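Structures for review follow.
The same chain A turns up in both complexes below, where it pairs with chain B and then with chain C.
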Partner chain A sequence: MLGYLVRRVLQAFVVILGVTLIVFLLSQLIPGGQARAALGPRATSGQLANFNHLNGYDQPIWQQYWNYLIALFHGDLGYSYKNNQGVTSLIADRLGKTMVLVGVSTLFALAVAIPIGMAQAVRRNRPFDYGMTAVTFILYAMPAFLAGELLIIFFSFTLNWLPSQPPTDASAWAVLTNPVPFILPILTLSALEIAAFSRYMRSAMLDTLTEDYIRTAKAKGASSRRVLWGHALRNAILPILTLIGLTLPAVVGGALITEAIFNYPGMGLLTVQAASNDDVPLVLGTTLVATIATVLGSLLADLLYAAADPRIRLGEQ
Partner chain B sequence: MKRHLTKVAVSALVLGSLSLASIGLGTLSAGAKAKAAAKPTVATWAEAPQTPPNYIFPFMGLEYFSVSTINQFQFLMYRPLYWFGKGASPDINLDLSTATAPVYSNGNKTVTINMKGWKWSNGETVSATDVMFWMNMLHGDKDNWADYTPDLGIPDDISNVTVNSDTQITFQLTGPVNPDWFTYNELSQISPMPLAWDVTALGAAAGSGGCARAAYGSADAACHKVFTFLSRQSGYDPDNPKKATGALKSYATNPIWHVVDGPWQLSKFNASGNVEFTANAKYSGPIKPSIKKFVEVPFTSDTAEYNALVNGKLDVGFVPSANITTGTTKATRTGPNSTRLAGKYSLAPVYGWGINYFPYNFGSTGNHGTAGKIFSQLYFRQAFQRLVDQSLYIKKISKGYGIPTYGPVPVYPQNKFTSASANKNPYAYSVNTARKILAEHGWKVIPNGQTSCMHPGTGPKNCGAGIPAGTKLTFTLEYPTGGASTAQLMNAEKSSWAQAGIDITLKSASFNTILGKAVPCEKGKACDWELESWGGGWIYAPDYYPTGEAIFATGSGSNSGSYNDPKNDALIKATTDSKISLNAYQMYLAKQLPVVWQPNTAAALTEIRKGLKGVTPQSPLISITPEAWRF
Partner chain C sequence: MTLASNQSPSPEGGNAGSELGFWRSTIRVFAENRLAVVSLFVLIFVVLFCFIGPLLYRTNQTDAQKALLESIQHASPSWSHLLGTDANGFDILGRLMYGGQIALIVGFLAAIVATVIGVSYGALSGFFGGWFDALAMRIVDVGLSIPVLFLLIALVTIYRPTAPLLIIVIAAVSWLVPARLIRAETLSLRTREYVQAVRAMGGSRSRIIGRHLIPNSVGTIVVFATFDVADSILLLASLGFLGLGVPAPQTDWGTMLSNGVDVAANGYWWEIYPVGLCIVLVVVALNYIGDALRDALEVRLQRR
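Coming up: the complex of A and B.
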């Protein structure tokens, strides 16, 4: 197991390095360079040259990348001119907010989707199953911006029950300490996840319930509750665990549409803003975070799978 | 078990609904009580989406130069020497300025400025020394000043600056200037700085930096140290530009930034753009704030800002044009408001002090080396402009909230620079005329096809120098992504140009990509861009006097298309060097078509809470003066 973990960490390191190199090289293709992106259309050639010199952008590319790596290993992700802040500080500010919001939404989605999926499997081909299938298909097909706006129009504009957005200076933990303004964004974010998780759960549960050991457990006198929650769920949950691991990049990467509609600046908007502004240090920073999240998410999925299924031994041939 | 599971699922849904209902009822009850509250003492204003202010020190590079940072943040605390924007005009506003009108003498080579004696919040007087402070910093760090252009304007056209007394300062210039140009474009850049800022460490004695009181230009090294210190207090380290100082979070608590001469003092600031000001009780200006707190609210998108308006969370915001159902028939007349907002807000469009256009690349090697040569032909530019139906686009795309651009001087808002004749379009929309112009110059016009050159040569009825037979009028025009109305405009124009067989290929790219491409050609380097539209043209700020030295003079930094016209250069020089009207310059350039004039959409469709007075008339320089707001 330890060997497996060490191998995965080394692989992750290579992947992350490769991604930063690719993004760095691509950033060199921006017409006008970072100088024009930072200084705008009024910049004279002298101002552009001065900017490039001050920031080392007139050095050879390999030298610039090497300087970037040195800074990176010192925990310095660079400086964003557009925001007049360090990239590390910007990401730290947004990452917490995004992780809590999307994390809570994911947990909420799981809490709703798993019982629904299980109930659908147990009552398959009944009105409840058909009804929930229709609901989940609608949720799955509905774009986030539409879902969000409909919720706002109904609950905020028409009924005046809920605010259309959280306070602009809300901290990351406000989702838990002052949850009311976050109800609509959480519902928007979790709608798609509820649809997806419940379908997976239903399908996995249907497969599991037909297994021999389930019949054996029933034959041995186990209660329905024990059969379902103690035996079937544990096996049916395996695909969901994999999905949880693979949603880690989304938890970290944010939800652009939801952030835009509900005025909640998170990683999604930060990433898109960075790309739109050709803010290369910020693009590199957010890409790095997303890459780490993807690599960790994949590892987490494997570890969870192994924890749930004792037959799986990571690292063994 | 089946029943149990169903119960669990249904119970969760019912409980959730009941929770929402009880929360909603509670919210409703609280909302009703709030309505009975007293007159507000706090005003809230929406920042433009994703453009929070991010720099506090009023001496900075271009990277921090923006309306949101300067006009809507710094100016509230630190008054510029001269304030521009009088009512709805861009004229100088001496009432809100820290000095009386500048006095020109000695053949317009000497400028004398008398300060009014306003006070900083720490008791210092806004004095001539404070102006010298800024000028000395400019002398030593002109490369770090956003609006510096070598050999054009301050400090290069200044031979000396002298502080005559606490209240008087004199500028000696290297040559005569047009007073309007110097006042509106050069003195407009100056922000007096308090002696308390002339330091190189927090807590140091005021003036210990050695910059403010030094004779002009004699303390560059000291001024650079002060500049470096103040920049670091603002978030930027000139000695290590790639490393953040993290100062942004301390703006509201840093004692340096607490010394203000404007009507507001910063009380809260965070990096997300949440900004709060409290009224400066020691403000000397003519209009004292009647509200106690002014709050700037950040937004992630137009949608979020609009939703906040619908909920009544803002006192002043703006409505995206997509939410206006019925437009206006005339830009100067306000049409019906959005139905969701009409009960709570009044609509008030504001037009910026600028022009909209996109450049031709006169040096382009595109279209098999002929693009630049075709653009150089005035007849072609006339035909091209004749196919731009600005009135129609304003009506259909901007819903009437737009102003046509006919030349280098804006025709609206009302201003003293535009002549009556400049309000007429010298190239009114006419497809037939455009076709005729091309045909008369040797082109075989194929509507909705590709017009081609049939008669090459340099005669009056030929295509023009360097344009061989068979050359087609095909060009590529790039425009910025992200704006539905921009895409609509581009497609409408493409269809119009096609009527004369001018085949335009539209491509969308990011705003910064377009800016990066739309640069003057350099010798020895490939230069095949043809037409690039960043969608914004030019805003005359802080160069409020709309002469064209920055954008249309040969070799100027923002002359993207390398337009070169000696007569135009001479006319521009006349407007900067002598007191003449802009008429000759603007009429000449309007007809020469150095760029493709485009409709200028309203800078914002402002929503003002009913009962809130003093917001209008709005400044075309998009400055805000919440001290004038009254509930």
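Coming up: the complex of A and C.
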């Protein structure tokens, strides 16, 4: 267990270090250089040289990367010249909002997908199973931007039941106190997860139900409800933690689209606005933070899995 | 399954016509999948619609001033504009073809570039193994941990790409998966007897990789490339939807959809549903074709 923990944490650390290197190299690729991007096309060569010297951009590249890492360690993600503000302070209250959106959508997807997958396995090859398979394939195939817009057109414009965007000044926790405006964004973002999780649940339950210990439990006279919920589900459900970790990068990407559709002020909307504004330091900052959050989320999922599965918890000392 | 039992038992190594038999059985299994055949026809139809359609249904799609002068904006479908017009007075049906050309070209070419890069990278990594492989795969791990859309938007912000550059940018974020797939395949292939035989006979490394490892991974490569065309079209549509697609007056399906949803509250359905349908049709068709190809080529793999 301890060996696994150390290896997994170390691996996440190496990946994060690699991501900082990629983001640093991307910042070096700006055509004309960072000085030109910050000072504009009319800056003289003297001004550019002065800017480069002040920011240490005239140092060797490995020295610049080291400076960049030290700054990151102090929580400094760079400076957005378009906003005249540090990138860190621009991102600060956005990260929590995206994490809440992703977290709530994932929990919602689990709550919907696990019962659907179980019911499909129990009613295998009956109309319900075929129907839900068709629905999950549609959820898979429908791009998030189209699904979100169709939801808005139908529920906001046609039926006028739900608002087309949550209040932009709400706090990150407003989804708990005032959930109605968040229904459509959560539906949009969780569609992909519902499809993935319920497909997994269906096949995992089908596999588990053929195991010897299920037959033994039935032979001992356990009720079918107890066999299903007590024996089969407990064994089939655990790897879903790994699946959450694996789908996390896609879900964070989906959150970007969802935030853009519903004008939800998280990291994704900030990234899209920064991109339209040619604000490279801000886009690179959100990319780095979103990636680190994703890597840590996947790490958390794997550690939870290790803690929950006795084969890993007790095995290979 | 039925195919394998139909085969007359022939000695290992196969006869001279086996190469043809491989592909024939692949096509037969593919053709048994009705959904995939329908999907193939849908795809062919959309390609003809986008590339031949403009020859039959002539519309102005490039001169914005002329479009503004000659037609009404947001006109609903009529005989003069079969699917109405958009905010600039461009004919929507013609615009679907025009934007579809860019979506399809960018999607196909980006998938080809990504596949070529990924296959070469993965084959080299798997073939050489050792520290080279370890380093190469850590790089892939790092790349895959960045959410694709964030990386894509970062590249688009830095380079402000036109359509040709978009091909490179989309390929740059999607070569990682084939690299990993082909590397795994190469690891298993390079220990086979026939590869060892080539090596024993003095075949060069480039010959082993180019003539033996990559051709034997062709099933994996083709299946990945098919799915990746769908993914690339979706990535381009996502960029267009976010307002970061090809620059005007060019357009792509994502940009059209983005313009359409701006006026969704006004009920201009013809600016949303046709283009949404185009995106979903092409992406779903490509996914079904990829699924069927995987099944068909797996039969081939089982017999190998």
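A few remarks follow.
Everything below uses one rule, namely that the second predicted complex is superposed on the first by the 246 of 317 C-alpha atoms of A that agree within 3 Å, B and C clash if a C-alpha of one lies under 4 Å from a C-alpha of the other, contacts with A are read in each partner's own complex, and residues count from 1 in each chain.
Rule of thumb we're sticking to: contacts are C-beta pairs under 8 Å (C-beta built on N, C-alpha and C of every residue); 3 or more make two chains touch, one makes a residue touch a chain.
Note that the coordinates shown come from a computational prediction; the quantities given were computed from them, not determined experimentally.
By the document's definition of touching, neither partner reaches A:L110: not chain B, not chain C.
After overlaying the two complexes on the shared chain, residue contacts for A:V280 are found with chain C alone; chain B is out of touch. Set side by side, chain B and chain C differ in how many residues of chain A they touch, and the one touching more is B. Touch criterion met: A:V19 reaches chain C, while chain B stays clear of it. Look at A:G78: by the touch rule set out above, it reaches chain B but stays clear of chain C.
Of the two partner chains, both chain B and chain C are touched by A:I152.
In the superposition on chain A, A:A260 makes contact with both chain B and chain C. Shared-chain residue A:I30: touches chain B and chain C both.
Contacts of chain A with chain B, set against its contacts with chain C after fitting on chain A, overlap at residues 30-31, 149, 152, 157, 260, 275-276, 278. Taken together, the chain B residues at the contact with chain A in this complex read 1-2, 4-6, 8-9, 12, 20-21, 23-25, 27-28, 31, 50, 54-55, 61-65, 143, 146, 148-150, 234-236, 238, 241-244, 246, 248, 270-274, 297-301, 303-305, 307-308, 310-311, 340, 482, 510-513, 515-519, 534, 536, 550, 557-558, 560. On the chain C side of its complex with chain A, the touching residues are 138-139, 141-151, 153-160, 234, 237-238, 241-244, 254, 257, 261, 264-265, 267, 272, 276, 279-280, 283-284, 287.
Within the complex formed with chain C, the residues of chain A that make contact are 14-15, 18-19, 21-23, 26, 29-31, 141-143, 145-146, 149-150, 152-153, 157, 249-250, 252-253, 256-257, 260, 271-272, 274-276, 278-280, 283-284, 286-287, 290-291, 294-295, 298.
Interface of chain A with chain B (complex): residues 30-33, 36-47, 50-51, 54-56, 71, 76, 78-87, 89-90, 93, 111-112, 115-116, 118-119, 122-123, 128, 132, 149, 152, 155-157, 159-165, 168-169, 180, 183, 224-225, 227-228, 259-265, 269, 273, 275-278, 281.
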